């Protein structure tokens, strides 16, 4: 994969990048598995079971990234204080609302 | 893609197979896009926005498949009646519960 | 409570009305409990834990009602066949989508 | 309602207590309305629509409380730093996971 350039390295908040990449690779594999199931006209309920498993895997990645974000960006902004801290809280809350509602 | 064999054709409930395959292909692309974002250490909130979009796309595929399933397998079983109809309703309800809870 | 009149009895699909009423009464109690917690300024995380429990209880009532509905109204319409069956499937699918997205 | 005593005042994080109490009162009313609907055997789909509306109202209260919590308790702990900040982030993340999964 692409060498992370200095320019990209500004958000070094991700706890364990390789673990996230492995999980997302597995999710990509689940998306391909679903295509095979539809192609082969597998039983609809079995396809739905796989969709639920994939949704849970995605949700779990999102919750991990969110915790990393709170622990780094939000805590740093809070320690610095001022309007930046407020803005980070509002931004994180909006992201949480999108997750809860999706 | 592969010619659906007679053996595979038993669950011909899927409304528009090609449309589902296109949507799942796009979801697979979203999973790859997320890997690039993590690889490049994009801003966490932007990654979470993409995860929410991908979850919504998956959910929408699941709801479409479920409607197709109700309209074909469940309606056919209901028309035939008997214990098979009850079993199909229980099975569909369990799948709906997994979707609602995932 | 009120004697169900003949007029009200048209949707006799509900498996066990008393059980649903007891569960909804308990949910009403949870809503009152939450007001006390906010009034007493209990710890936010404890309030959120109660909200999650109440949401799960509501979700579970909804899934029960939906299964009753599929087993009665939808199965009856399917057995009768025709456009009424299609309309019932569309209506149930829209209700499922609202539950999954809420 | 009861005067908040000094003892209760320890978690003064709630943005606008009266607004939350009004929203929870309305949610309690929705729970009572659902009981009437079940009692009167209203059409199942209409009951489910009300359940979805009530779930959304609860969710929205939860997201508001969570934002208040992040903006007060978590920001204060973050500004103080140390293990307390880490503990608050873990606790908030667990509450978010419960909301996302409920």
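Think of it as A, B, C and D in the order they're written, each chain with its own count starting at 1.
Here is the rule we use: a contact is a pair of C-beta atoms (placed from the backbone, for glycine too) under 8 Å apart; a residue touches a chain by one contact, two chains touch by 3 or more.
Composition by chain, UniProt nomenclature: A, B, C, D = DNA-binding FrmR family transcriptional regulator.
Fair warning: this is a prediction, and the values are worked out from it, not measured in the lab.
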| task | Please state whether the interface between chain C and chain D is built from the same residues or different ones, using more than half shared residue numbers as the mark of same. | result | same
| remark: Farthest chain from chain D by C-alpha centroid distance is chain B
| In angstrom, rounded to a whole number, how far apart do the mean CA points of chain A and chain D lie? | 24
| Using CA atom averages as chain centres, what separation in Å is found between chain C and chain D? | 20
| request: Express in whole angstrom the distance between the two chain centres, defined as the mean CA positions of chain A and chain C. | output: 31
| note | Where chain A touches two or more other chains simultaneously, the residues are 59, 62, 66, 92, 99, 101
| field | Touching residues on chain A, where the partner in the complex is chain B | value | 1-2, 4, 8-14, 17, 20-21, 24-25, 27-28, 31-32, 34-35, 38-45, 47-49, 51-52, 54-56, 58-59, 61-62, 65-66, 68-69, 73, 91-92, 95, 98-99, 102
| request: Going by the contact rule at the top, pick out the chain A residues touching chain D in the complex. | output: 59, 62-63, 66-67, 70-71, 74-75, 78-79, 81, 85-86, 89-90, 92-93, 96-97, 99-101
